[in-house]
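Before we start, here is the structure in question, set down as structure tokens.
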Amino acid sequence: MQDIIDEIASQMLSRADKGKVATYIPQLARVNLEQFAISVATPDGQVVSAGCADTLFSIQSVSKVFTLTLALGKLGENLWHRVGREPSGDPFNSIVQLEHEQGKPRNPFINAGAIAIADAIMQGQAKETLAEILQFVRFLANDNTIAIDERVARSELETGDRNASLAHFMASFGHFHNPVDAVLGIYFHHCSIAMNTQQLATAGLFLANQGINPHTGYAVVSPRRAKRINALMMTCGHYDGSGEFAFRVGLPGKSGVGGGILAIAPGKASIAVWSPGLDPIGNSKLGTEALERLTHKTGWSVFAG
Amino acid sequence: MQDIIDEIASQMLSRADKGKVATYIPQLARVNLEQFAISVATPDGQVVSAGCADTLFSIQSVSKVFTLTLALGKLGENLWHRVGREPSGDPFNSIVQLEHEQGKPRNPFINAGAIAIADAIMQGQAKETLAEILQFVRFLANDNTIAIDERVARSELETGDRNASLAHFMASFGHFHNPVDAVLGIYFHHCSIAMNTQQLATAGLFLANQGINPHTGYAVVSPRRAKRINALMMTCGHYDGSGEFAFRVGLPGKSGVGGGILAIAPGKASIAVWSPGLDPIGNSKLGTEALERLTHKTGWSVFAG
Amino acid sequence: MQDIIDEIASQMLSRADKGKVATYIPQLARVNLEQFAISVATPDGQVVSAGCADTLFSIQSVSKVFTLTLALGKLGENLWHRVGREPSGDPFNSIVQLEHEQGKPRNPFINAGAIAIADAIMQGQAKETLAEILQFVRFLANDNTIAIDERVARSELETGDRNASLAHFMASFGHFHNPVDAVLGIYFHHCSIAMNTQQLATAGLFLANQGINPHTGYAVVSPRRAKRINALMMTCGHYDGSGEFAFRVGLPGKSGVGGGILAIAPGKASIAVWSPGLDPIGNSKLGTEALERLTHKTGWSVFAG
Amino acid sequence: MQDIIDEIASQMLSRADKGKVATYIPQLARVNLEQFAISVATPDGQVVSAGCADTLFSIQSVSKVFTLTLALGKLGENLWHRVGREPSGDPFNSIVQLEHEQGKPRNPFINAGAIAIADAIMQGQAKETLAEILQFVRFLANDNTIAIDERVARSELETGDRNASLAHFMASFGHFHNPVDAVLGIYFHHCSIAMNTQQLATAGLFLANQGINPHTGYAVVSPRRAKRINALMMTCGHYDGSGEFAFRVGLPGKSGVGGGILAIAPGKASIAVWSPGLDPIGNSKLGTEALERLTHKTGWSVFAG
């Protein structure tokens, strides 16, 4: 495995076209494009890495996997009254579907869906809810040093009109239980959690291991729920690039605009990659390519025999 | 396995709510709702069945898996200039996406995509193209008795205005190489192929076995292509119910309005179910439920560890 | 008046940017761009003209005013069960609205609406219906020489996939009483009627004169109906350029892709202009400009005091 | 005239089905349905009324006519870079069109367009801008008692998620020059101006009189601009009911969800009606009917000869 990912990391670093960093969040626009990291965590407790696997980056929408898991823990299957489970076929920040479907987001991984989930999780003060989310991610990664990058959160807040629009739109249908601004605060902050690929791969391991985190021995979710979260990551985890990711990589995965991707090979591994350059849809360009090579070499695609 | 599927078949037959048969094609509206069949074909060459696994039914859109395979053989990856690889988020017969995206269908499994593929396959006369498709399905199922139900084909042709609209719409962008009526003739006829679950499970086996049909020993497609077709079935095989099918069943699958579903457990089995009652989206109600139980009992979901 | 329109005609002929002829119908693509004509018919029976007011051109969608009038005569207000009375906000050949509104076109002047009206008019054979439409236009223009340009009709038929798509789409909802191909034949043929501006201005005169054609003395429609047809021309007569036309010209008008426009100044005049070059939306570029100047000089805008 | 409107008022008051008051703004939901008023202001300075023409009501979206006029005065034709001039074919609060057209509203009379205009007008503090708008309306009505109903404004603010969504959506494209909350404050407040039909009819008189208010003698706008504002009211003044209003009434008009309508008969009169019950699209049910009768009796429709 070490050999495979070393080779992939060196190939990725030598690539001329690395995509473009996200520019709409000023803090993300400053990130150096010439960075690549990959970590592979396996159920036996091992984590192997290549590239700058200690460098922190903004996990952004990858955090939606964790808030979905938390929300399912709190609300159970009732959560599906708030969000659907279907790919939307639209960009991550589209509002058209919301108007046609009375303010109910298609799935938990588009922005509208994740904002609805932030509202569903929230109890009491925004600060406490945020602390709970952070605590949950630390628990999953078995690492108490994980923190929110406040500069990124502030940067998002200042440029977050599109997400504010989505939130107010849903609220106009009477779907929100909490003040829109508080919910947005939670959303922007959990997107601003900073992690490295080692931490991220570890945090996702429960999804590859029937719901159990082998580092702590805790059952995070039931095997059935792990399976279902993986299914959602497969069909909806890359917005209107989900079909392409399934076609090329063949693993459930969730991307973030910070350039990170968490991919799950059920029973085999949890993989985190990071390369800040994005493709036109907003998914990590080299991250996707690295995963494509990895599943090609390992035969880990869920679609192979 | 025989025990498992016997139990499932008996449970399904005792269910009160069996969904509704498709009514827009008169010939399909006449089918008796009280029928259920399931066949499981495994790479070792075995086929086990329960229910009326000898009864022929109209495979309808399940045939799109076979025409996609045939088209990829003819055009290779160039086929993707004609159709996309993303879930559309819209119903099977929607035209909205076509207008927004200049007549290029989102994927090969919505009606527009399959019609575009019929045009891509067609060479020379419609009759010859149709003979070639039928021959290919017989080759996959290793059964030369498979035939087209002409009454169903005629019934579709007479009520096929929506598909004619989709075809003319694409043709208006200059995307068609053949006359619209000829292409529609091919499409309506390949949807009218009649098979039973044993034949259908066998025909899909190459997708569960790295591209090789173990009954004949022929490599139908490369392992990579088999993987990719499975990926498309997972993200797009059930129209705007694809996310739900992945969530509940966890296998690549393709449904047809005749009540059949072909599902693939890579490396493990090709499964055909048939129950003519449909859910509101147009997928077999009990067929889906039977597959959900099967993957629950066997652990075959691709998303489990 | 003669002075005013002479000046306008000479200004228009000297303009460098005359727009572009429609290219999607081959016969229209051949028309010489350097032609301009204007005719003003008044309730006193006079017709004054400037430019090539004897040259025949394809009236195309201007014919929709006449088929709407004929259909209202046959079906009365029941016609509004078939088509709406609202601007669509979409291009002339859009199909999106039809899917969202169960196959009912927004208004009689978009293509889908006019095709629905052709179906509503049709009784018995297509040929007879077509003869009836032609006879009606001759009656309105008080000129029996008016004819259909068969080469244009054939040209449209051969390139009419988009309109065929609209027609089949509506038929798929069960809205059609006649075979789709026959209805399309009627539609393509009435769009291919050839007229000159003198004939066209005369044919529209009943709309400026409380429903009465002063040349024949016949009451074509009631004053109320004339008023209502004018209202529809104002809000829907120029597709998604209707607001712009009202803003600039201030008269009810109907454009055709052949470069003709019929505009009505109620109580004052019926005006026909022709200039084959189109703006990006598909309306005559200089035709619109000529009408803007005319209403500016005459004060005929319905919106002025 | 007095006889005509007396008869109309008495007919309206006796009607059983008066529509429904708007419920989404709590303050408007409390209004008594059993009220009707009409005032007709003519260029000679007369104002005749029937019904409760002294009762104040919330003018709501009728105020958009006045903010548009003010914005044109400040920005001239440059305003059209911010908003379009076409009917949208969508409901008053639709966001779909905004996504398809990069955040530029179709016209100044849908909510998004009026919010964009509030931003265009705003200079310095919100309070000052608001004072300027109010001053302008007082100037038009020649009445310094006109005021904003603060309870309505607060009520709107508290339930204004949909408008907040529209505003943030436009702001996300970088189209706004001022803080979203300040702009929304202006918008909600100018919608909350309270007037009676006498004041409203007088305020609109400049549009019927070539831009000049005969009560004060001031030229509010040029004749050309008056004409153009009328054109916009005709094609866009009643949202997706604009075609219907033109068809039935035949006058430029602007409705408000408070049940008021301002209609202009160019050269003849400015008419204000008020009846708080709305039709399903959100326009005053009896207000529209009263105007229909009025134009029928007076022949004032701009579409009649």
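Observations on the structure shown:
Per-chain numbering from 1; labels A, B, C and D assigned in written order.
Quick note on the criterion: a contact is a pair of C-beta atoms (placed from the backbone, for glycine too) under 8 Å apart; a residue touches a chain by one contact, two chains touch by 3 or more.
Everything numeric here is computed off the predicted structure, so don't read it as measured data.
Averaging Cα atoms per chain gives one point for each, and the point farthest from that of chain D is the centre of B.
Of all residue numbers used where chain A meets chain B, over half belong to both copies. The two sides are thus made of the same residues.
In terms of their C-alpha centroids, the spacing between chain A and chain D amounts to 47 Å. Centre-to-centre separation between chain C and chain D, using Cα means, comes to 32 Å.
The mean-CA centres of chain B and chain D are about 55 angstrom from one another, to the nearest whole unit.
Shared contact sites, meaning residues of chain D that touch two or more other chains, are absent. Here chain C touches chain B in the complex through residues 94-96, 98-100, 161-162, 164-169, 171-172, 180, going by the rule given at the top. The residues of chain C lying in touch with chain D in their complex are 43, 84-90, 97, 106-107, 208-210, 223, 226-228, 230-232, 234-236, 240-244, 246-247, 250, 252, 266-268, 301-305.
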